[in-house]
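Paired with subunit B in one complex and with subunit C in the other, subunit A is shared by the two complexes that follow.
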Partner chain A sequence: MRIEISGKIIKYILAIYTGLTIGFFIYFPISILYIYSVNNTPYFIPEWRGFTLQWFLKIFERGDLLNSIWNSLIIAVFVTAISMALGIPPSFYLVRTKGRIRDAYFLYLMIPFIIPWIIIGVADFILFWFIGVNKSLLTAALSHIVYSIPLIVVILTPRIYSLDPSLEEASMDLGADELTTFRKVTFPLIFPSIASAAIITFAWSFDNFVISYFTLGNELTWPVWVFSVIGKVPRIMPIINATSVIIITVSSIAIYILAKKGLTELF
Partner chain B sequence: MKGEVILRVEGLWKYFGDVIALRNINLEVLKGELLVLLGPSGSGKSTLLRIIAGLEKPTKGKVYMDSEDITDLPPYKRDTSMVFQSLALFPNMTVYDNVAYGLKIRGVPKDEIDKRVDEILDLVKIRELKNRRVTKLSGGQRQRVAIARSLILNPSILLLDEPLGALDLKLRKELHVELKRLHEEVGNTWIFVTHDQEEALTLADRIGIMNNGRLEQVGDKWDLYEKPATRFVAEFIGETNLIDGKVVEVGDKYIVVDWMGEKIYAPVLENIDRGMNVSISIRPENISVSFRPKSVGEGVNIYEGEVVDELFKGSYVIYYVKIRNGQVIRATVLSKDADFDVGNKVYIYWRFDKGVTIID
Partner chain C sequence: MSNKLLDRILYKYLIRRLGYYLGNLPGIIYILLLFYAPIAILFVISLTPPHKYIVIWEFTPINYFKVFTEATYYRILLNTFMIVSVATILLIIVAYPIAYYLARIAPNIGDRLLLFTIIPVEVNYLIRIYAWRVILGENGFLNSLLISMGLIHKPLTIFFYSWFAVVIVIIHEYLPYVVVPFYLNLRGIPNEIYEAAMDLGASKLQILRTITLPLSKPGLLSVVFIVFIPTLGEFAIPSLVGGQTGLMIGNLIDRYLSQFNLAIGATLSFFLLLFSIIISLIMIRLFGYEALYAR
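Our next item is the complex of A and B:
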């Protein structure tokens, strides 16, 4: 009895400790971003100067900023689509076969996941120079795909593994061919993992600085644009700040909706 | 027409790597019958069922349905439907969506699907659960959904792979009655796989006994009980004494077998010869026990022995009698006649034709 209670207390303490840490290092700074995005001063001074939306409006005066966000979105969509198309089939292969070839293939696929991004960036930089391809949004996107495929495989394989193979057999037994079975049974059942894989791939690509920095041409993505203007363009911080607030808000809402939909579909 | 062969399996072999799952299976299934494939786990019965369903390809051999070769047809082109051991209900769907699945795939109009789903749910008595999620059902209810999902397609052959395996004994017994009723009402052919002897005896019109990848014998329950073709069948259905020996004499009606120094009479078989090793199966209830030797006729086996153990079973008692060659034979006696005690000298006897000669 006593052990049970102290066990519970320890669990609470651990949960609170983690919660506080995340709160202090992530949510607290983010809430500061929110406050300063509507504070009527271009400086991070500990003083409230009144409510304003001017920083949000100023976003639309910066064509280079808007353009960089647009570029990031395009790359992230492209990377997500291509990586899913390239990541889903090997996930099934890895779960449903055995043997040495499968094990070797698994390593082959997963190694890019632990290669530091700066090495991927530099390596692809050299590659594009070597084969004489001009760097552009496309070269950056192709470089993002390198780490996205193992990311998707890591998220999908446990789910596919836990899928009862007789569900697909039952579907075929009831008259559905392989494709219909995938559409009606397999895909809906692994959808929550597909959704999380897509969200994380999208977010990582949207956010990626290191690889983009080495593989972009003249067109910049948002993180690279931020790096290029910070400390060089005066009074740019509050605008970056406002942009960050919009991005955090939109992505939080998107994740909330997807998580809710994914959960109700399953339970 | 009832009694026609609807499915024929010919010379079927199945290898999984080096493991042989099926060895030369030949089987004819009759239209409208409920055939039970009975055997211990790993005997190949599920593999045979999966080959009939099209979920596995045989390594060698053919499967014919209504004389048409269906060996290479995918499952979705076969007129069979399977109830899986895990039931394999789609967890992301309601009872209605599960049951309607096959009809939707076939493009049946919505109002007809609705009508047929209602009919089939009435048949399995779960209409009120139509809009429930299958994850919210009890074991017995899930069972009914799985059967309804297959039956709605009106398959020529319904295949059931240990569908009651996960249920408790009481529920299983209820469902046995229910399944029997369903089979009679629907009237199609069922092939039912189980390792449960009692289940097989309750449900089956005919039983096929499988062991170690072989189909040992197919027949109705009396055939299997009274004329087991192999040692395995003799031991698997009911209790029996299996006696091994060498044939020393072949007569017109019976053979004489040397059983560790004792002579034993057993029915003659066509291709039997002197010097062959045979087994004789003799059921405990076919052996009589008495204190005094009865006057013996031709072909009666009689042995003097001592009761070494007894097992009271309610309406009958099993006596373990040790005879002169050291072997122990089990004999059952109705409780009202069970006057024997451990240590008593007794005689056991049976006429040769109560035994079954088996060449294995």
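Our next item is the complex of A and C:
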């Protein structure tokens, strides 16, 4: 009886702890963004000054802001497309072969993945200076791909590994060639994993700050533009805030729907 | 007949080989040109004497000595290591009970709750750092709360522009990603093990010590790859909330690159690269590649 009660108490304590911790560390700062996006003051002071939608309307007066979001979207699409094309073949190769060459190849691909992003940024910053290429959106996108190829490999390999090989063998036994088997059997089976790899890569690239910071030219992406105006341009914070509220809301709903439909697995 | 069959097998084998090479080659070349080659250039430049705006093509290891002997550098290196270590340890302590609760006590809501904690931290990294300025700042929420509760009379300044703020923001940024590997770990332990232990009369504490904690070790290892190594290169968080005590190696690298003192910037980056690779290789050697995958 005593054990029963103490077990229950531990359960309640853990439940309250989980709620409070997630509430404080994750939702408290995010709810602040939501509250200030409709608070009628340009300053982030702990005071309610009445409801307003002016910050949302002012987004459309800032051409540089809209431009930076557009740039981020372009880069994210480009990075996702190229890194999928470059990342899917190694994922299959790494699952289906064994031996030292495979292990070395895996390490070769993984080193850019495990190190801090700033190193990719600095290395490519120096590369573009060394070969005399002017930095632009393209150089930033090319630098993103260094990280997103192994990112895709890490997302895809465990899922390819868990594929039932007998399905492909059956297809081959029935006379389908490799390409047909891939198109009709393998690809549909791993489509959800490929979709989640694409979504995660897209979100990562859209939001990446460090690599872009070192490899962008005059055209800025959304995070780098925000960094460049924080604390420097007066009365811009509430507008940035309203924009980010839109981005968080839209992306959360999109990811939630995709996850619900089984099109993506975030973990 | 058999010759024809052999031909076909050989043909298939060749096609498959060729397919693999054609499929893998572009990625290999890409990483070579945009990662390994730049790293080589970076290393060469780290061996040139420090100078602004130009690189003098003479070679000396002086920068590496500088980094380890001059206080301005090694203090910040140590500071980085301290901040990241404290944040990683705190994250493990904070995240583990959450993972335990979600995986073993409330498994029916675990997946959904985790999804809801991961989704909001997927995007808008910079503005979320800014939100913490509103909470931790001198006239922020935390100080207003403490003053209204009568605990303090003047706003405290230690919360903000300090290493403390950097640690808090790192916890915010990485908490869901640390819960996930522990959660997957703990969820994977079969119930029968617990039942057997209880049948044999093990106490709750014994179960925790001999079953739950040892089986969470893989999760602990992936935390090194998820938090410790990536945050070593953190740069936006310390610049936005770190102040003087929260300076990290990323700020130092940025300072030298924006002065176009490439030699020092390259030295610091190369040191960071070596340090990260050595830690990773030790982890991989000791515990296998699985630690990478919980990400």
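By our rule, the second predicted complex is superposed on the first by the 237 of 267 C-alpha atoms of A that agree within 3 Å, B and C clash if a C-alpha of one lies under 4 Å from a C-alpha of the other, contacts with A are read in each partner's own complex, and residues count from 1 in each chain.
The working rule: a contact is a pair of C-beta atoms (placed from the backbone, for glycine too) under 8 Å apart; a residue touches a chain by one contact, two chains touch by 3 or more.
This structure is a prediction, so every number in the text was calculated from the model and none was measured.
Chemist: Between subunit B and subunit C, pick out the one touching the greater number of residues of subunit A.
Modeler: Tallying touched residues of subunit A, the top partner is C.
Chemist: After superposition on the shared chain, which partner residues are touched by A:P188: those of subunit B (first), subunit C (second), both, or neither?
Modeler: After superposing on A, A:P188 lies in contact with subunit B but is clear of subunit C.
Chemist: Just checking: does A:L174 make contact with subunit B only, subunit C only, both, or neither of them? Give me first, second, both or neither.
Modeler: In the superposed model, A:L174 contacts subunit B only, not subunit C.
Chemist: Touch test for A:D164: subunit B only (first), subunit C only (second), both, or neither?
Modeler: So A:D164 only meets subunit B here.
Chemist: What is the contact status of A:I32 with respect to subunit B (first) and subunit C (second): first, second, both, or neither?
Modeler: A:I32 contacts subunit C only, not subunit B.
Chemist: Just subunit B (first), just subunit C (second), both, or neither: which does A:I246 touch?
Modeler: In the superposition, A:I246 touches no partner, neither subunit B nor subunit C.
Chemist: Could you tell me which stretches of subunit A are touched by subunit B in one complex and by subunit C in the other?
Modeler: Residues common to the subunit A contacts of subunit C and of subunit B are 266-267, listed in rising order.
Chemist: Where on subunit C is subunit A touching in the complex?
Modeler: It is residues 12, 15-16, 19-20, 23-24, 26-28, 30-31, 34-35, 37-39, 41-42, 45, 94, 97-98, 100-102, 105-106, 113-115, 117-128, 130-135, 137, 139-141, 144, 171-172, 175-176, 180, 183-184, 204, 225, 229-236, 240, 250, 253-254, 257, 262, 265-266, 269, 272-273, 276-277, 280, 289, 292-293, 295 of subunit C that touch subunit A.
Chemist: Please name which positions on subunit B make contact with subunit A in the complex.
Modeler: Where subunit B meets subunit A, its residues are 53-55, 74-76, 80-82, 84-86, 88-92, 101-102, 105-106, 135, 149-150, 153.
Chemist: Along subunit A, where are the residues that touch subunit B in the complex?
Modeler: Listed in rising order, the residues are 164, 166-167, 169-177, 180, 184-185, 188-189, 265-267.
Chemist: Which part of subunit A faces subunit C closely enough to touch in the complex?
Modeler: For this pair, the touching residues of subunit A are 3, 7, 11, 14-15, 17-18, 21-22, 25-30, 32-33, 36, 44-46, 85-87, 89-90, 92-93, 105-106, 108-120, 122-127, 129-130, 142-143, 145-146, 149, 154, 157-158, 178, 203, 206-207, 209-210, 213-214, 223, 226-227, 230, 237, 240-241, 244, 247-248, 251-252, 255-256, 259, 266-267.
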